[in-house]
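Scrolling down, you'll hit the structures one after another.
One chain, subunit A, links the two complexes that follow: it is found with subunit B in the first and with subunit C in the second.
Coming up: the complex of A and B.
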């Protein structure tokens, strides 16, 4: 039966692990300032191409806003894919995974630290891209409910990073398939989640299935809040989307907890935790 | 008998390097999955990219896909798959071999030309991209009413511009690979930057005429712009939407050929210079994982 002091020291240990993993992401990433430039400005090139597609079609100005917002959110999705889900794969290839696994803290705290640090760093970058997009393209952004928008954003991130944790458990077992899987989950997810166009255009049933990806409803809600004149392009009401996102966040985090334990046991049994270059 | 005997490389040696590096590249791309899964994987991403544009278009226009602009957009995006895969792919070979598989130094130590090795690896990427391009085009013609009439397609222009376009992309990729040899922390960013820059400036999905003139002039300096323009004119001879509306087709082709030849020389010079610097600084076998 664990004593109170054991529980307390376990919590302190895991909080330290979260802080350590977050520190690397927050402080280490900012040491190379040119990365900030590259991560903020380079995505704008692709985003600008989509903006001009809408301009070529003489689309209403809020569609430019959709592209800028969607483009900013791609930074989060890419962070979830490459810096969360694939992280254990990178560590395995680098020979560090066994160190993580023999360390006396929960895998969830390692991933939580990554999520915290990654989310913070990516928010800075995505905000920079959004601000530059606003100033260059003069998008008609008009946030009437800032606290609700913030709540949607935070819950979306929680759900996204919970999703990333769930995938990280799968990637414990993958070899090269991990890299290809992450590659595969870029454009198809951008399509299904409606990063550059209202997801409603895909039809109700496809959009409903796509809603399992937190970015779908998160983006849809944020668009409705940031561009109130385009509410007719929303898939569901903002309230419903907030509730669904909250359920997704809790579900993914709980599933990740159990999946990590199961995948680790499976990996140990099949001897795949230290296999590299497969 | 001399202990060391140095033999100049013959054409057979270069051909062997090219063939085997292409084979290696193909194996590396494809042997992680069975053929059907690999085929699905190879076309799903590019097709999704094309469909993003399709849905963007349909949301605004209500689904009218028989317009000239849709043809412009779809065909440009389909062929741009080559740029993303080959240009990014060749420079990625340096990152992969140096950082992940740690064999770049082995390649350098073997009696082959690294330059030819990279061209061979690029050919493997080209093969994968070709599957995606053909499938994406076929999907557009069959299901989205892209108005390509096979009886009016200018086949010599299409295949001729394709050859020169792919050569241009391949040697642009070699230039990027040379730069990648020298940089540590920005290798991936540079490749993505170039790919994104070209996507914006080459008139791939919108005519350059929409851009402010001081920006579009940069696009007119990129060979890929002329390749995409020639390809569109070959497939849709009656198209009036154009990035180079005042330029006759024969001039477009001449510019493409001249820039392609220029790129071959430039890539050789730049790569040799980058290679020399990388060897001097000891960067060939220096992994840079942070």
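Coming up: the complex of A and C.
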């Protein structure tokens, strides 16, 4: 039975580990600024393309807002997929993964540190999308329940990062195969989660399946709250979506904990934990 | 009496191979390493040294047998072992190129929960010891190989582990840097008699210089384990013959197959068009047959002498070939 002192030591250890791993990313972003162009400016061009498509079709003005919000959430999805989940692949190739694995900190701390560290650039990217939407495309944003919107956003992020940690566990056993899976998840998820259109358009059953990806319901709920006049485009009610997102967040985080342990054990048994060029 | 830091019993590790027979990288390995020891594991490439290190550092599961580190089982209690061990592998340069030397070492210290203040004091001291003080603020992607390796060392030692695993720590280093590293290891161990080091190497001289005891490993088996002095005493009843032959020897079997020859090793010097041959023979009476065999096979003896056995000779006698040999002795 762990003592209070043990629990306190464990918390301190993992907080230090999270801080340290986040430090790498934060400092890296400050010393190598090319991401400002490639990760913040360039994605605005694809967002603008969708906006102009909707404008050309004379779609309701809320659709511009949907694209802008979707573009902002893309930043968080890409952070989860590439700056967290698949980062274990690069750590393995660079020889850092084995040093992480022989250290006493939790594997989730490494991933949390990566996510936190990537949060700065992610926030810049998401904010740029929103600012462009507000000042250039004049999206009719009208948040009448700010705390509920914030709650949805936070729970969506928790669920997204939990999902990312679950996915990261695959990299403990696999190498290139998991890398290809990351590639597979990029574009199809943009479609299935309705990043640039209301997911309701995909039909109930497809949208229901797509709801397993936290971004789907998170985006849908935030759109309903940010653009109250477009409630008819919502998939489920905001309340239902918040409940489902909360369940997803807890489920993914718990599953991630067990999956990281299980995959590590499998990787140790197969001898693939430190195998490079897989 | 010192406590046992590492106990390995009947340890084995098998790797599945798709088209070939499964490979036993380790088989029936038994070792006991006491607290305070600098223990060496000597063997050629592919002998199983790194596999053993990976099992003991909880990166790999054994297929059979047990390993206990500091009283904890590597399979069931890996999480209890990690706080007091660390590992440095020669040739590996972990870390992040965008960070400075100091930042990288601090980073890895945090993964062991070391307060930043304590970590910085240790980093200051260790940078001074290995001569990297002036590279403290240099990004590691600008360090030379030797400097990166020194940084890698500090990264391992900054956590002040009770048990340190060093896997070929001087691999690829030039002579002066390797000497600094060896001196560092010796001094570090002397500071605290509760520290233990398991060092793997394929450099005979390193094992002889540093280690209180050496285990010789070949093809996954421990073939001998004792102090270098006692291992060399085993060869008292054997004679070591060293010859320089020209042209370079392509096939050692005419010498190896001679009655009375326990083992042969060859090192070629293509520039000088000669081979340095070391033979372990039963006694002096084998020597004329040896000289005859070399001349009958078209080789000229440039030099010839009989000498006191070294650890390399022990290896040749036990394994039947040299540490760098690729040739297999005949069955």
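Operating definition for what follows: the second predicted complex is superposed on the first by the 261 of 278 C-alpha atoms of A that agree within 3 Å, B and C clash if a C-alpha of one lies under 4 Å from a C-alpha of the other, contacts with A are read in each partner's own complex, and residues count from 1 in each chain.
Keep this in mind: a residue touches a chain if its C-beta (ideal position, glycine included) is under 8 Å from a C-beta of that chain, and two chains touch if they have at least 3 such contacts.
Keep in mind the model is a prediction, meaning the values are calculated, not measured.
Participant: After lining both complexes up on subunit A, report clash or fit for subunit B versus subunit C.
Facilitator: Subunit B/subunit C on subunit A - fit side by side.
Participant: Based on the superposed arrangement, let me know which partner A:198 touches: subunit B (first), subunit C (second), both, or neither?
Facilitator: After superposing on A, A:198 lies in contact with subunit B but is clear of subunit C.
Participant: Contact-wise, after the overlay, does A:180 reach subunit B, subunit C, both or neither (first, second, both, neither)?
Facilitator: first
Participant: Touch test for A:38: subunit B only (first), subunit C only (second), both, or neither?
Facilitator: The first partner, subunit B, only.
Participant: Using the touch criterion from the header, give the chain among subunit B and subunit C with more contacted residues in subunit A.
Facilitator: Looking at subunit B versus subunit C, the one contacting more residues of subunit A is B.
Participant: So, does A:94 touch the first partner subunit B, the second partner subunit C, both, or neither?
Facilitator: Both partners, subunit B and subunit C.
Participant: Have a look at where A:258 lands relative to subunit B and subunit C in the superposition and call it first, second, both or neither.
Facilitator: In the superposed model, A:258 contacts neither subunit B nor subunit C.
Participant: Just to be sure I read the superposition right, which of the two partners does A:57 touch: subunit B = first, subunit C = second, or both, or neither?
Facilitator: first
Participant: Considering only the touch criterion stated at the top, classify A:28 as touching first (subunit B), second (subunit C), both, or neither.
Facilitator: In the superposed model, A:28 contacts both subunit B and subunit C.
Participant: Which partner does A:48 contact after superposing on A: first (subunit B), second (subunit C), both, neither?
Facilitator: first
Participant: Just to confirm the value: shortest Cα separation between subunit B and subunit C in the superposed three-chain model, in whole Å.
Facilitator: 5
Participant: Which residues form the common part of the subunit A surface touched by subunit B and by subunit C?
Facilitator: 28, 32, 94
Participant: Residues of subunit B touching subunit A in their complex?
Facilitator: That would be residues 32-33, 41, 44-46, 48-49, 51-53, 55-61, 69, 73, 100-101, 185-186, 189, 192-193, 196-197, 199-200, 204-207, 210-211, 289-290 of subunit B.
Participant: Mind pulling up the subunit A residues that touch subunit C in the complex?
Facilitator: Those in contact with subunit C are residues 9, 12-13, 16-17, 19-21, 23-24, 27-28, 31-32, 94-96, 98-105, 265, 268-269, 271, 273-274.
Participant: Spell out the part of subunit A that touches subunit B in their complex, as residue ranges.
Facilitator: Contact set of subunit A toward subunit B: 28, 32, 34-35, 38-39, 42-43, 45-46, 48-50, 52-59, 63, 93-94, 175-177, 180, 183-184, 186-188, 190-191, 194-198, 201-202, 233, 277.
Participant: Could you please specify the touching residues of subunit C with respect to subunit A in the complex?
Facilitator: Touch list, subunit C to subunit A: 13, 15, 54, 57-61, 79, 82-83, 85-87, 92-96, 98-99, 103, 106-108, 110-114, 155.
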